[in-house]
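Common to both upcoming complexes is subunit A, partnered first by subunit B, then by subunit C.
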Partner chain A sequence: MNGRAGRVPSPRVRPVVSSRLIARKTEPFMTTSAPAAAPPHAKPAPKSRIRRAHRGEGRLAALLLSPTLLVLALVIGYPLVSALRGSLYQRGEGLDANGFVISGEHFVGLRNYTDAFTGANGSRFWNAFGNTTFFTITTVVLETVIGLAMALIMHHALRGRALLRASILVPWAVPTAVSGLLWRWVFDANGIANNLLGQQILWSADGWPAKWAVVIADTWKTAPFIGLLTLAGLQLIPAELHEAARVDGANAWIRFRKITLPLIKPALLVAVLFRLLDVLRMFDLPYLLVGNQKYSVQTLSVLAFNEANNLHYGPAAAYATLLFLYVVIVAYAFVKILGADLLAGARTRTPARRRRSATRPLAGRGTPA
Partner chain B sequence: MTTHATDRPSRRASAKGPGAAAVLRYFGVAVIVVYCLAPFFWMVVSAFRRPSDQFQLSALPRPWSTANFRAVFKPEVGFGRALLNSLVVAGITTVVTLVIGTVAAYALARLEFRFKNLVAAVIIAISMFPPISIVVPLLKLFTDIKWINTYQAMIVPSLSFALPLAVWYLTSFFRQLPAELEQAAMIDGCTRGQAFRKVILPLAAPGVFTTAIITFIAAWNDFIIALSMVNKKDMQTATVAISRFTGAYGFDQPYGTQMAAGVVVTVPLVLAVLAFQRRIVSGLTAGGLK
Partner chain C sequence: MSRTRTTWRTSRTAGLAALAATGALILAGCSGSDAKDETSTSGGGTDRGPITFAVGKDTSGALQKQVDAWNAAHPSEKVTLNELPAAADAQLQQLQQNGQVKSSAFSVLGLDVTWTAAFAANRWIDPIPASTSTSGLLPAAVESAKYRGTLYSVPWQTNGGLLFYRSDLLTAAGIKTPPTTWREMQADCAKIKAQPQAKKASCYAGQFDKYEGLVVNFSEAVQSSGGHVFDANGKPTVDTPQAKTALTWMADAFKDGTIPHEDLTYQEENGRQAFQSGKVIFMRNWPYVWDLANKTDGSSKVTGKFDVAPLPGLDSTGSSTLGGYNLAVSSFTKHKTTARDFITYLTSDRSERANLLAASTAPTRTALYQDPALQKKFPYLAGLKKSLDTAVARPQAVRYGDVSAAIQDAVYPALSGRTDPATALASLQDKLTQLTSQP
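Showing the complex of A and B:
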């Protein structure tokens, strides 16, 4: 486990290690990871035979999936369309073509959007957009770094693993709403934070301290979860890889960069993507920790919520739609640029899936008998 | 053989050696534990102070007091009712989600059909949907059909995040079970439905249970939906109720009561999570053919 002792084995050992590694790597192909219905030893079967084996499964699949898809269409599809339509209307009194006063909703075209970008609501929208982006970048960077560090420490911990696992799940289990109030208390003007810092910072007033309070609270809650997901990725790396590299003279930093990082990249990217999209829709923390009318922490979700609460459904729907588009663009860009393979677990046969199923049993069974 | 012989002494040395690395490791562990537990600890400690000691900064309350907890459960606060509401909303959401999600996950994990990757992609994409984007239009719809202040007004939107989450976890749990088990059952004369009910479902029980806990926690922790869909005190859930506690002295934040209520809401979750952690570990290692 540590560098000095690792160099002891003679070079003769290496071929043995690597050939065993190969043998164990290929073994799971033959036993568990074969695709659903095809017999395990007939992997290169002709396509027609595979198709025959799966005949009639389409209808069954449609039957089994229809309740889920129906519910999702109702709770996601309908609101999405409705928000899009609603964002083109405004409520309130207006004059119709003949000069009569009409109350209720009337069609305003894209005015809610132009208002958001340049018009009456411009400064509020861009402020919320800026806050959302700021929170997203700072918290995700902090959480990734801290989460990765936590995963490495947990991976190398010799004792106290049970305690670690238990304590790392506590921030995750605390409801965000409760954590918002908890941090409001910590950051109270007479609270523990100011006392420990020996400062008199007005955290919950408008301004930069409020922003940082939100960042700290969010990082506390979610960095451990990134750590947990990354740890799962770390445990899949066969110890032999590190040992072989150590024999070849690679130091800890090189081993981290050349072995650990590339191998946990898929797990880490998925964790980061989930966090990214979660922060973009942040609502509870700014709302409860600082307040929903505080300009400096107002996110797009808070802004849309406030507008809806004031019965300004049109602008609220426009903000909600814009936030949705923002999320879609970020997710798409992230997947395209960094190649996060979200569907690795869901797709039937891709290189990534094969690689993962090949390494999983290694971690599960530990050292060979 | 050679590796084992040379490995053993090195492992022993690293486990016993009280070098700088070991000290660093213990230090790292301590930092993580403090990082994770200190704010939670502060919540518990603050909850157990007397209301008049609220701003005391000692590490432990002096003296201990349950006044805050008694204040939380005063009848006029209605926190018991709020807990019950949370239980109903999160419970029904979890049950509905599992019933429809399990069959969908089975189809995604085991059947071959066209558009499978597309369906999987859509479901995972939906789990990232910002809730405000559905809350705004649904708020309007529910106002029109008079659903505001009802359980279904909270349960239906909760399905939007609970269902994709559950399908996602269940699919990966089903996939870990070897297909041979089911094939054997079907060769022995089971239909696919029977093979699913009698072979797969019992084996996947730890996975289903784990998914149930995750879904329940997600629904229990929801804030924005309950906040939007309910304005009557009797119907608000625990998270909303805590945020609406009013202090005895006007604009003061009733921190002590809020922390006590926070402890009440969180401790069952923490206990459930510790149990769930063991489940997930056993679920991962128990799979595979015997």
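Showing the complex of A and C:
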């Protein structure tokens, strides 16, 4: 027992050192020695039986997963395909001689898309696209910086730590619709914000103040989210690393740059990715805080909603599809450029896990090392 | 070895069973609703039977009481109240979606006065039989229930804009009657603001935020200067001198401070709060403000110090835009006779009186405005009746959502001084022509 633990890190040890960076380093070592980890006193198993058991397991897994896949196809696949189809059609809007709408939809090819880019709806689409991009960049940058700062404070605070954490989390716990109304009140013409500033800025009128009102409200709400995920990463950094660096004479800034930041990077990247995907679809805050008819805060989601509400289902579906593509491209680019570690970590870990599960049926009768 | 195989086979069977069960569940889910629909079709064989009533939130609970009374009298034609969200656009969304999929889920629809045209043109609602009498109903409200001359709904609740004014300040400044024109109102403001107690008050407040309320206020200004947003044939007429006078007055009022700058963010409630805290001398708002601004619990500083009058206009008394709800029968409901009977019940003198008493909703029956008992309880009724007599329904456009957005797009920048009224109206005329023309 003692000997085994000393020789090979058993797979079960891994979660303890689960900061991704460290985990990844130990992985190759572990995977090569995994077969050796099989406990002693086990009988040799015929190879064919392993293979058959393995194949059976795979088929069973596929079968057991199929209800989930079916549900996913229904709730994700079908709406996607349906929206894509809808974006190629337009609903009849003409009236017949008696004033009735000539019903039915007709195929228009890519016209909904060309209209969005260059046609009659061009200015509205590009305005919404610009707003969506503006909100994504400003809020994610602000939230990352503030969230990181929050995480560092939460991590270092000694007294009142629990209270501090709870209070930082409050904005995240408030439903967006409620916080939208709350901030609407703050940004009222005679509200708290104007009182503090000593000016009368019309935050909810159409214009730049409205954009900043949305950015402020969104940052207030979701910086704690980034803070919390980053805090989880921070707490996994072994104290010894900092101690060793301190012994080597590294000051606080260097320790932050060279130890803290690289080690929390995976957690931070996940948090930022989540925020990116979220803020690209931003809807409720501009809608409730400022109003859906105001172009300075109209996002792609709001535009698609407005169009659908006015029975222009084709253009609405086209906007939704374009937004979907935008989200996919941004997420892909983000993972490719910054987050290569995320997928790499997942990829190297999968074979190890599979091998481990394959050896499990042999437990108790496997070959001695 | 055999043991492994058995285990595997059992688990495979279990997996298949699970899969089959899921499939069956989905199928059952799909067919369940169909089966229900069929029973309701075959049930009875007449077009009488249980129905549903879809309408915005019943905040006072008065509606549920009326439905209960109906259900007690008609056990085989029970009505289920289906409350929609409180916000009008959320109601519209649900009603439209049900029409779009030809759903029979809603039988009687509570339609905002601006929606009748769209629902009629899409054949989502049935015409009201010609035998239905509209005598005793407010003419403007009946107009809002028609599409191309045919009655498609029955006016149920109405609403008209009123000029709320601070009677105490007017008296103090020696003004005997409330203003009937814009110029008079501005002159009165100057006199009132010369008094020390009203120095800081602003003159006029309306609904000028960029939302449906702006369409209402703009239409009223155009009507009050003798113009129309749409003529009798449904053609837009916003490039007329009258419309230009109206928008210029609005823009100038913002420029010279008659209407404070912050009014660009005002909806009904902002105006009411400003009025209640004594910051505004004149305000355009709906009758619901009366009760709230007369509260004696300290929430209002103007309790008993204000009165109402019809809206002012350019040369004489102005004209209000009509609000309210009309009731229509869904084209897809099975029990249309019951639905029509239920509408007759809800729009009867008795029901509308009960609604007024319980929820202060303005009735569409003219007789109720003359009732002395009601006039005593609701002192604003006489003023409201005057306002409703000259009220005009908003345009009956099939694509009302687009029309409303176009008006907001043109008027809002003109009020904040970013475009000049003439240019804004010229492009609005083009846009409205395009939206209402038959392609």
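One rule holds for everything that comes next: the second predicted complex is superposed on the first by the 274 of 369 C-alpha atoms of A that agree within 3 Å, B and C clash if a C-alpha of one lies under 4 Å from a C-alpha of the other, contacts with A are read in each partner's own complex, and residues count from 1 in each chain.
Heads up, the rule we're going with is that a residue touches a chain if its C-beta (ideal position, glycine included) is under 8 Å from a C-beta of that chain, and two chains touch if they have at least 3 such contacts.
All figures in this text were calculated on a predicted structure; none of them were measured in a lab.
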Partner chain(s) touched by A:Gln293 [first = subunit B, second = subunit C, both, neither]: second
First (subunit B), second (subunit C), both or neither touched by A:Asn310: second
First, second, both or neither for A:Ala205, with subunit B first and subunit C second: second
Partner chain(s) touched by A:Leu323 [first = subunit B, second = subunit C, both, neither]: first
Subunit B versus subunit C as contact partner of A:Pro67, first or second or both or neither: both
Subunit A residues touched by each partner, larger count belonging to subunit B or subunit C: B
Which superposed partner A:Ala189 touches (first subunit B, second subunit C, both, neither): second
Touching partner for A:Thr118 - first (subunit B), second (subunit C), both, neither: neither
Footprint overlap on subunit A, comparing subunit B with subunit C: 53, 60, 64, 67, 71, 74, 188, 190, 309
Of all residues in subunit A, those that touch subunit C in their complex: 49, 53, 56, 59-60, 63-64, 66-67, 70-71, 74, 93-95, 98-101, 103, 188-190, 200, 202-206, 291, 293-294, 306, 309-311
Interface residues, subunit C side, partner subunit A - complex: 1, 4, 8, 11-12, 15-16, 18-19, 22-23, 26, 89, 92-93, 96, 100, 118, 120-123, 147-148, 209-211, 261-262, 264-266, 270, 398-399, 401-402, 405, 408-409, 412-413, 416, 438-439
Interfacial residue positions of subunit A with respect to subunit B in the complex: 1-2, 5-6, 8-10, 12-13, 16-17, 31-32, 34-37, 40, 50, 53-54, 57-58, 60-62, 64-65, 67-69, 71-72, 74-76, 78-80, 82-83, 86, 150, 153-154, 156-160, 163-186, 188, 190, 192, 195, 220, 224, 227, 274, 277-278, 280-281, 283-284, 287-288, 300-301, 304-305, 308-309, 313, 316-317, 319-321, 323-324, 327, 331, 342-343, 345-348, 361, 364
Of subunit B, residues touching subunit A in the complex: 2-3, 6-7, 9-11, 13-15, 17, 19, 21-22, 25-26, 28-29, 31-33, 35-37, 39-40, 42-43, 46, 55, 57, 100-101, 103-104, 106-114, 116-117, 119-126, 128-141, 156-157, 159-160, 163-164, 167-168, 171-172, 175, 178-180, 183, 192, 217, 220-221, 223-224, 227-228, 239-240, 242-243, 253, 255, 258-259, 262, 265-266, 269-270, 272-274, 277, 284-285, 287-289
